[in-house]
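Order of writing sets the labels: A, B, C and D. Residues in every chain begin at 1.
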Amino acid sequence: MSEITKKIQEIAREILEKGEAEIVIGWEKGTFWYLSPPAFIDKPEDTQRLVWDEFCHNNLSKYLLDYKNHEGKVAIFVKGCDSRAFNRLLQDKQVDREKVVLIGIPCTGLKDQDKAKSLGPNGDIPKAQKCMECKYPTPLVYDYLIGGEEALNEVAATKEAPDFSDVKAVEEMTPDERYDFWTKQYDRCLRCYACRNVCPACSCRECIFDQTRIGWIGKANNSSENQFFALTRAMHVAGRCVECGECERACPMDIPIMLLNKKLIKDINELFGKYDAGIDPEGKLPLGHFDKNDPEEFM
Amino acid sequence: MSVKEIPQNWEPKILVFACNWCTYAGADLAGLSRLQYPPNIRILRVPCSGRVNPQFVIRAFQRGVDGVLVAGCHPGDCHYVTGNYFTRRRYLLMQRLLQYVGIDPERFQARWISGSEGPKFQQVVNQITEEIRAMGPNRKLRDAQ
Amino acid sequence: MKRVGVFICHCGSNIAAAVDCEKVAENAKSFPGVAFSTDYKYMCAEPGQDLIKKAIKEHKLDRIVVASCSPRMHEPTFRRCIESGGLNPYLLEMANIREHCSWVHPDDKERATFKATELVRMAVAKVLKNEPLDKSTIPITKRALVIGGGIAGIQAALDIANAGHIVDVVEKEPSIGGRMAQIDKTFPTLDCSACILTPKMVEVANHPNVNLITYSEIEKVEGYVGNFDVTIRKKARSVDMKACTGCGTCYQKCPSKVPSEFEMEMMDRKAIYTPFPQAIPNKPVIDRENCRYFKTGKCGVCQKVCPTNAVDFTQEDELVTERYGAIVVATGFDLFDESVYGEYGYGKYKDVITGLHFERLINASGPTMGKIKRPSDGKIPKNVVFIKCVGSRDEVKGKAYCSKTCCMYTAKHATLVREKIKDSNVYVFYMDVRTPGKGYDEFYTRTTDQFGAKYIRGRVSKIYEKGDKLIVRGEDTLLGRPVEVEADMVVLATAMVAKSDAAKLAQMIGFSYDQNHFYTEAHPKLAPVETHTAGVYLAGACQGPKDIPDSVAQASAAAVKVCGLLSKEEMPTEPIISAVDEAICAGCGMCVPVCPYKAIDMKVIQERVHGKTISRKVATVNSGLCQGCGACTVACRSAALNLKHFTNEQILAEVDALCL
Amino acid sequence: MKYAYYPGCSLSSTGIEYDMSTKKVAKSLGIELWEIPEWNCCGASSAHLTDHLLALALPARNLAIAEAEGLDVAIPCAACYARCKATEVEVKNSQEMKKTISEVIEREYAGKTQARALLDVFVNDLGLDSISALVNKPLKDIKVASYYGCLLVRPPRLGFDDPEDPQSMDQLIKALGGTPVEWAFKTECCGAAHATTKSDVGFSMIEKILTAAKEAGADCIATACPLCMNNLDMRQSQVEAKFGKNYGLPVFYFTQLIGLALGLNPEELGVNKHFVNALGLVKKLLEAEGRRDTA
């Protein structure tokens, strides 16, 4: 890892020195050993703060939204999932490809932060769930690549495919069991909207959950409103979720948000044919087009 | 949910989102033809089934509706050419998502009913009303009130 | 405070028999915002409407709910009523307590009354959020475009031009005239096709209001009703239209021979050519693919012999953009690819031809000067077999539909063979004989009775060559016996199919077509010449197989629609359309592909953020195109798009009211 | 490539050379044929005229055995193929029939196993390129009239080729180095059993086919049906006598022609078992081959 850290620092320094970008967004070590929060570097000498380790979870693409009105270029590091998120923003017309320098990092998978916290630095910390199901560990779009083509091939070999066993387990419950399961989950929701705030598919200027004048949702924190939030958020990212798992990581109440997202991914694939979001920014979105031969169940 | 739990004098309340050009006209035709059905449905007129935001459906359950039907023109017959094809995609997904969070499949349904299908309108309303009556009041997703 | 007036109609006893209208009116008084509530026997009648108008004044009502029959019936009536009472017509909501209540729940007055009350409560909740809407107008460009210069296009252009409007006719080929120009005689009168077509061609060409744009194609169509911006590609003719006198010296001298499309390749034309002698404009074009000069750089004979120096090898395609108020699509048809029927040997046997070949064979200016001769050896055929429904009514190999014209033109052909070759035998294999048209069945009867064509009901199973004969084998299903005919020539009545590029044009303009690529009319009965796109009309066989009288009738119908549109300076637009809240719109563009009318575009707006001016993209709705379906509102996650009169707020209010 | 093999009764009697050549050729081309154990009659001609259920149940039993094995069935005889295909389609499209049939034959049959004509398997599964790659004695200068008969490519939509103007056997002949002749009698009825019961009708039908093949310039006829073979081959001399003609047209199963082109021994292919001398043509072919070799 330290070798990659060195390369990251070098390339970041070079980019800033050459003026290729005014800001480089990467990761640095945080308060705890198991956290590597994002770092916003604008001076070449600060690039030594940058690191790459198994805890560089934050999806940096989302931060580009903060630089929408920034005149100069911004450079960011992208893992496979960050690059899908970048494509997501590109497809949603939220970023300008010309204004971003992408530095790809082939990623062999990160470690579970929560487990790390409880097991300690010497424990055998397992991979994060999202990484165990990662179909795209290598960046799909980049201007520079850490480790070159070789690393790309090496990492590509580690790719996994989600088997949706967790989704299937929920599907196999009775309706009442399912309802109880989800009620228990969303009764914990604080409606802090952290899941929304980190999500690269959530790029609205004004989220409907903040639109009190229309009255989509009340401010009360109760099961009914929480469930409205859960279902609506899920439908809003349907066909658009890039599976970066940031929503679930950001959730302070450990709500299994990806379990909803993955259900929609599974259904979209079964109903409308194979589709992975954030792969082709020019393609059609599953809910943005239709096929006359879609399954007919409403006769 | 067992029959015992159904309160006395309870009547199901079912919301029907009907597109103006087909299903609303189909319901009008059922009326013109004097085809009787139980008075449990409330029709909400929208221009096209493609106007029905899934958030309206969840809201209805929150507020205490026992069942929701989204109905529009048959695929290929949409007054707005393609609206119902999007409806079909959206609600194929939405239906599965609702079931996934525990809503019984009978509670949310979607159907194509044309302006000439008065009898089909009657038959669909009869069927849904009976199904929901047998299940009792919906308590899922409801506001605590 | 909003003041809602509620009016419950008895509809005689239609509602009152099953719903306690007085009670509903009484209940409504307690609904939030209701300032006045009453019931009356007939709300739609004059006294009922007066009651509403009076109440608006007396009780200072600012929005109205009428609970009566279906809004599909009387919404316009009550909108007019409250408008004359001084309110904006869109401040009305209706509760349908007849079709959706009294008529379907006649036996349970208590519950029907309860339901009616709830329907009224929903309507009141909605009307409280209604906004006054105004019809706006869009200007109409007083110029029409006709695409296709066949008989349908010519007729439509003439009718529009005669009504005093300017019309451009765009034709792909070097001459107008279309399929009808290829046809020899027309059924059921047997008058010469050219004799009735060419005067119309001349008329349209000389009409002061008509502008012919031949050898040109539609490149791009933008805009909407009243304002279509159409880009036309004028293909390089290589001949200066102004200088050319049409003397014909060039094509007499041209050394490159090319099979003539017009003559169904039974005759040659030159590389510089007019498709047929009566072509309009009667000025040649150079077919560059086959021209020796363009292929080898050597030749230039035409240029040398041209007395007016009109030949110009350097001409290039020219793109022109023009604005039109309305478009008539009259692009015609193609013929089915008959080689699909291997057993009939089309393409294998020279003397198996199509009906259109036959038209040229029998035409006095055709390859045989009107003498019916077999293509293989030029002999006069004695036994001629006609096979109908080749490609039509055959779901397996061809098209499921009936091509409509084949029965009649086959009867015509049979008559002409018998007339021209006295000792001939004519056999017609048919599935059914369909002759619905004025004088059609009489014509068919003459074909069999007077001209002695032998009609055999049954399909042909195979055709094969035996010496210089074609053996046609089939079944006579009426006799239940196989039949075999030794024929000298076989004519296939091939199906009419849509133009191969029909779908492309429809997508470009933005209207729909069916599985056979025929253009879809807005309503099969009540709007047969309109498309779903306002301002675009259909004429002729591009909409479905049609004969000449039907094409001409439809063309005139389309012309009337165009004239109706162009007779106005501007047209009102329905105010129930989508609108974008630019402050909220993030410019993601999800709404664009779901709009069936291409009514949503992205535009750039400028705004000040933290003292800096920035520009960003937002969606914008074209009020001329938007039809108010609301599909975009659901595609928009942040509800930046909203549909007027069916807003999110209104629908949520209805849902909430239902559950109180 | 493995298929269940349903030879049917003709292939163990009058059509034995079809069976011999099929097995030989399949082996050479690398197709494994698993003969359905204890197969029964497909019921052709008699069953479907008398009892619909019986007509479906008979082939269903054979198909069910193959289905249990997870194999599609390759069927040489055109009549067996037609009956099996009819059964497959009807069972596949009717839950009710599926149930009834399974009860009658006391086996599960879901219509999953497909009935495939042997010609279809060779041309479309194995492919013409794979076959021509193995040809070492091309049928050079041999003009063949491909005769499909009435059942092989029918009914429309269910078949593997154009029902009126089929091409697959012609293409196969081309792949073998031969020349298919253009003729219009590819799917003409051979008269079936009429030659026996109403010989004047039957014989005139055979005469038409033989005359057409001769006039088209064919050296021989290729067929895919044992009954067609009977009529065209066994009855040929009778037809010649009756109509005063002289055809001398050898008739081959298409499998025999493949075998010859692959260089297999003609006798192992049963070429010596025909009524109209076919060995003569083979000899001519071999001699021509020899001349080319020495030249």
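Here, a residue touches a chain if its C-beta (ideal position, glycine included) is under 8 Å from a C-beta of that chain, and two chains touch if they have at least 3 such contacts.
Predicted model, so just to flag it, every value in this text is computed and none were measured.
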Quiz prompt | A-C against C-D, pair bridged by the larger set of C-beta contacts | solution = A-C
Quiz item: What chain lies farthest away from chain A once each centre is taken as the mean of the Cα atoms?
Solution: D
Practice problem: Averaging only over C-alpha atoms, locate the centres of chain A and chain C and give their separation in whole Å. | Solution: 48
Self-check item: Intercentroid distance (Cα basis), chain D paired with chain C, Å
Solution: 51
Exercise. Using mean C-alpha positions as chain centres, tell me how far chain A is from chain B in Å, no decimals.
Key: 36
Quiz prompt | Between chain A and chain D, centroid-to-centroid distance (C-alpha), Å | solution = 61
Quiz item: Residues of chain B that touch two or more other chains: which are they?
Solution: 54, 59, 82, 86, 90
Quiz item: Using the touch rule from the top of the page, what residues of chain C touch 2 or more other chains?
Solution: 594, 635, 648, 652
Quiz prompt | Shared interface positions of chain A, touching two or more other chains | solution = 208, 216, 287
Quiz item: What are all the chain pairs that meet the touch criterion?
Solution: A-B, A-C, B-C, C-D
Quiz prompt | For the chain A and chain B complex, residues of the former touching the latter | solution = 170-171, 175-183, 208, 216, 222-225, 227-228, 230-232, 234-235, 238, 260, 263-264, 267-268, 271-272, 286-287, 290, 292, 294-299
Exercise. Flag every residue of chain C that touches chain A in the complex, lowest number first.
Key: 583-590, 593-594, 602, 609-610, 612, 614, 616-617, 635, 637-640, 648-649, 652
Quiz prompt | Residues on chain B engaged by chain C in the complex (per definition of touch) | solution = 11, 13, 15, 20, 24-25, 27-28, 30-32, 34-39, 42-48, 50-54, 56, 59-60, 63-65, 79-83, 86, 90, 122
Quiz item: Where on chain D does chain C make contact in their complex?
Solution: 156-157, 162-165, 167, 182-185, 212, 215
Quiz item: What residues of chain C sit close enough to touch chain D in their complex?
Solution: 341-343, 345, 348, 396-397, 461-464, 466, 471
